[in-house]
Amino acid sequence: MAGNTFGQLFKLTSFGESHGRAIGGVLDGCPAGIQLNLEQIQVELDRRKPGQSAIVTQRKEPDTVEFYSGIFEGKTTGTPIGFAIHNTNQKSKDYSHIKDSYRPSHADYVYDKKYGFRDYRGGGRSSARETASRVVAGAIAKQFLNGIQINAFVSQVGEMKLEKGYKELDFSKIETNPVRCPDTDMAEKMEAYIKSIKKEGDTIGGVITCVLQNVPIGLGEPVFDKLHAALGAAMLSINAVKGFEYGSGFDGVKMKGSQHNDAFDTDGSTKTNLSGGVQGGISNGMDIYFNVAFKPVATVLQAYETINKEGEKVTTQGKGRHDPCVVPRAVPIVEAMAALVLADFTLLARTNKI
Amino acid sequence: MAGNTFGQLFKLTSFGESHGRAIGGVLDGCPAGIQLNLEQIQVELDRRKPGQSAIVTQRKEPDTVEFYSGIFEGKTTGTPIGFAIHNTNQKSKDYSHIKDSYRPSHADYVYDKKYGFRDYRGGGRSSARETASRVVAGAIAKQFLNGIQINAFVSQVGEMKLEKGYKELDFSKIETNPVRCPDTDMAEKMEAYIKSIKKEGDTIGGVITCVLQNVPIGLGEPVFDKLHAALGAAMLSINAVKGFEYGSGFDGVKMKGSQHNDAFDTDGSTKTNLSGGVQGGISNGMDIYFNVAFKPVATVLQAYETINKEGEKVTTQGKGRHDPCVVPRAVPIVEAMAALVLADFTLLARTNKI
Amino acid sequence: MAGNTFGQLFKLTSFGESHGRAIGGVLDGCPAGIQLNLEQIQVELDRRKPGQSAIVTQRKEPDTVEFYSGIFEGKTTGTPIGFAIHNTNQKSKDYSHIKDSYRPSHADYVYDKKYGFRDYRGGGRSSARETASRVVAGAIAKQFLNGIQINAFVSQVGEMKLEKGYKELDFSKIETNPVRCPDTDMAEKMEAYIKSIKKEGDTIGGVITCVLQNVPIGLGEPVFDKLHAALGAAMLSINAVKGFEYGSGFDGVKMKGSQHNDAFDTDGSTKTNLSGGVQGGISNGMDIYFNVAFKPVATVLQAYETINKEGEKVTTQGKGRHDPCVVPRAVPIVEAMAALVLADFTLLARTNKI
Amino acid sequence: MAGNTFGQLFKLTSFGESHGRAIGGVLDGCPAGIQLNLEQIQVELDRRKPGQSAIVTQRKEPDTVEFYSGIFEGKTTGTPIGFAIHNTNQKSKDYSHIKDSYRPSHADYVYDKKYGFRDYRGGGRSSARETASRVVAGAIAKQFLNGIQINAFVSQVGEMKLEKGYKELDFSKIETNPVRCPDTDMAEKMEAYIKSIKKEGDTIGGVITCVLQNVPIGLGEPVFDKLHAALGAAMLSINAVKGFEYGSGFDGVKMKGSQHNDAFDTDGSTKTNLSGGVQGGISNGMDIYFNVAFKPVATVLQAYETINKEGEKVTTQGKGRHDPCVVPRAVPIVEAMAALVLADFTLLARTNKI
């Protein structure tokens, strides 16, 4: 309970506030015998880290992960993997202005109400900094899931929407631009747009599309732990996410059954894939694809009016080094959460039959 | 694990196949001392049951719930509430044609692959019949949550979309028409449209909107068990659901932060509510509202080509008594799942502070 | 939570009060494909049922189990197995005298304090009648665990203690006498002693020894879910149990390490087995054996003084049809709980390695 | 699952091997607002640490805990408390002799079989070093449970058994001698005996008694999560524990019901307390007391014969700095686990009633 553990068998328990000593976690249930590429874990963290390009926050956080346990002679041992990322660039003074007032559309107010007080340095636990722990665990999950391809990318920024289906895209282009959009032309436009938003001191929302390929048939535990329900919960647990759809999604509601049904080929695959790779909550071997909607970051570098603890009106100036658009840095987080879900259901599926 | 338990403290474990002897469940963790209105539980079941109007399946299932335990002298005792709904109208012969072939966009194929064989009578466990158990438990949750208003309604059928916001609607109209759309004009059009779809032997998708009012501040357990993540998982676990969005949802991605932020009033409420009543995964006291997308029902009363277990092509005729559009009957299911989530987080929130 | 679910992957959720309509449960996570012998499940229930001999309670309860789901064409389907045992012989009047007063060393008082009121008919949920559901689930677990031998027997009644080690006993004799002690001479003495205790209207405690053989190496999940810790919790959850020891147990504390260590043979087995088949919480392939201590049944057919709800002294006469000694009927319950633990850890162990 | 999380609401997830970089854990679910005395946490750790007296292992491990999160301005924040204890005295060479052979009655063999290989430095994860994390979390639990007294002490070493009941003892004497036995005379004899055992290079078992006082009525969640079942599981999860009994325990089996029943006083307390403070799995307000049996430490400083990975016989000399008797250092561990159980059930009990 208590909300800081994800997964049932492949389980991440995470800890840490944005401006505490360290963030980190414990990954329990990771099977023994995975030959880990530790450099690759750091590569994933670097995809998420601040300061990586001109369109993300310019905070300097090296985000170096230290492993404390569960790995021996380069392999997972089956015992819990404890890890920490020390916070090195805490600059608490940047946040002193939020100690006594509540930033709109942030969690300051609800934390105070729920817990009686809060760690007011940065977002504390509500900061997206916490997601770095997810990326570490997800990177290990990816190595466990070898054979499965997990690719996320930015498919929309504000009104700019990539209309091509994922099959028309070259995933190898995702990391070639700071937006992480595999369509290079669109990526350039998005980048320019984000820069202009940043110049205004404003922020903008976006959508990440994620595609899971070569997923074996049979993952997902009906009736409540359907594969897509777990993916949805995983994505909705990421900061700033407002929506999740898979397969035909919200557009599918407009269709008739006779149009929407995916006819079988003789090998058990389907000719179309409006279902999005999941039937009845169980993977069917087809590509799983889904969209994740991110709202615009709440911190805008503009003056705004709000209230303080006493309920009095105060005027504040947004400051700090924030992302004008969260989706480029959220791509590895979406992938990490997808990997955690798949790893968990891979283990669960081992128990389905005698 | 194993997927048939929902909730952490207010926990429903459900069982049952569409054509077995009974479906039912155990509700464990329900606090002692709730004066139960058993008639009201049956009312909720009747909102979900087949045969209630001309636009839903004409199967005859009385869906009478029997309680076995956990209730004494009209009140919950704090011990598990066991209940069953006996299947009285099993008509197995209706389904004999699906024993050896796989219906497109149904779960037949994946159940066979996952478990090695399947109960081929009706959908077995993958049938939406299972959701009756959810409605029973949700009806108890509603009685526990007295003071909170939970209202779901149909806001879209196919392309027909209710453009009014929920504040312009009169929830008392929801039950006055078979579609369960509170806008009477729109309801009539939707009803006519569903009838025409039915006449074609086809089906159509739809959207249910749900509004939770008077929710206390502080429900939700960051970082993984955010309130909206749990709501999302709950909704995505309902048969035929393809998407979930709350607050500004997918439309919110097009907005700038300066437009999207909800400014505070001095009482802690917010002037706008694009956030949808949840900040950082915790309820903030404002209305929680969300949309749930349902695909068109997969069973169409038309001839179709598919494969059998041996991977050979076969041609089959869809038959049986199915819903042309699932959303009218899914309204009480959406409400039930929302109630289960709120009940669970209400109990969890009791542990947040000393 | 809420205490009515046992197991992590092979999970029993139980419900029911002694004098409600039915008791029963849901077994979730049972792998698909087990060819079930339903008669054998009833045989196990009959080993536990009242009225089976002169030394147990003479209540008449047929304890017939009905299965509602999860079984198709004789095999488990991988979906939850719902079942119920209807209460047919409720004789509530027998218990009317306990409505307003608290029986000593029963749970009446604490249920009232914990939940605000209680189902005062019989023990309600605190009655050992609940264990019938465990026997049903355990009987299924046994069929899943084919190849593992689970044998429990009575090794002590009051001061009468079987001094022979389990290896000197013939387990096939256990069911040949009403005490369920495999040493026929001792069984006769115990039987006579229990009859004399019964005649006094009194009760007596006892010990059950359980031996698990052919358990594969590797069951148990350190550090908290050690195999023996789970067995201990399982046994201590049975009504009237006051103690658990395995291997050398409480006697082992008197030994030196040089005496207690179990030397290896070249095949990995050990020459002695003071460890009791578990090292570091993990089965080592040797026999697992443990003792479970049961207190004397609290209901004595004698006059006693106690208090009522108002805290006033009252004098009452114990009545009803109770067991003079609980251990003969508890033998199948101990076996059932052991089977549930082994089934659960068998599934968990499938996830240890890549 | 996976065994490294303890508790349902007040949850410790622990990590770490004896000779890895660090051990530690995450305590999730600890309520916000506890004013923490960090020095007191270190005091508890120091009670457990090596080198504290002549009768325990002479290893030098400072065991200094560092907190990474969940504490702000001296109080718990309601967010997860991450912590680590760095291993400073790893001396891996001490253990090189066990890389390829299996120590009798240690977990070396079963770890290799279960996980395919093992961290052979010291006991790795199976080392009792892991329990330091439990002591940290338990010390926090104790501060949450203020008002409840938790006292454990050594009541038996080898054949030397303290015959006095706990009410005749002065708990303030527990920490006045290295054995942690509150009877000073007995403590001296035990100390001398342990020293003689140590001189032989041998080890000896013992018993710890624990008494919980001022526990509120109502803790414990029947039917499976009975308070004493959780205490039993907690104790049995500690390294070297072979048995658990509470209240009358194994001696209670010899009694008649008429002797064993605890008669009520008019205030709801009982005149005797053979029940040990728990009825039907729920605390009844009386003292809870239980015994925990520890086997002799397996590492003896003597030559012994064993097998290597290839199943060949090898002769080895036990070495290293080990405890001749584990119970003195295990006293704070028993208290910590009891505190974790009580904290967990305290939170659970908040959900029992409307």
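Which chain is which? They are A, B, C and D, in the order written, and residues in each are numbered from 1.
By definition in this document, contacts are C-beta pairs under 8 Å (C-beta built on N, C-alpha and C of every residue); 3 or more make two chains touch, one makes a residue touch a chain.
By chain, with names taken from UniProt: A, B, C, D = Chorismate synthase.
If you're wondering where the values come from, they're calculated on a predicted model, not measured in any experiment.
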**Farthest chain (mean CA position) relative to chain B (Chorismate synthase)** = D
**Request:** Would you mind pulling out the distance in Å between where the CA atoms of chain A (Chorismate synthase) average out and where those of chain B (Chorismate synthase) do?
**Result:** 26
**Request:** Calculate how many whole Å lie between the centre of chain A (Chorismate synthase) and the centre of chain C (Chorismate synthase), each centre taken as the average of the chain's C-alpha atoms.
**Result:** 46
**Asked** Using CA atom averages as chain centres, what separation in Å is found between chain A (Chorismate synthase) and chain D (Chorismate synthase)?
**Response** 39
**Request:** Mark out which residues of chain A (Chorismate synthase) touch at least two other chains, giving numbers and ranges.
**Result:** 1-5, 8-9, 14, 29, 32-33, 78-79, 114-116, 125, 222, 351-353
**Prompt:** If each protein chain is taken as a node and each touching pair as an edge, is the resulting graph a line, ring, star, complete or other?
**Reply:** complete
**Message:** Touching residues of chain C (Chorismate synthase) toward chain D (Chorismate synthase) in the complex: what are they?
**Reply:** 1-6, 8-9, 14, 102, 104-107, 109-111, 113-116, 123, 125-126, 130, 156, 158-159, 197, 200, 202-207, 217-218, 220-226, 228-230, 232-234, 236-237, 239, 242-250, 252-268, 270, 274-276, 279-284, 291, 293-300, 302, 304-307, 311-313, 348-349, 351-353
**Asked** Where on chain A (Chorismate synthase) is chain D (Chorismate synthase) touching in the complex?
**Response** 1-5, 8-9, 11, 13-17, 20-26, 28-29, 32-33, 66-70, 72-73, 75, 77-82, 84, 114-119, 124-125
**Contacting residues of chain D (Chorismate synthase) [partner chain B (Chorismate synthase), same complex]** = 1, 9, 29, 31-34, 78-79, 144, 222, 347, 350-354
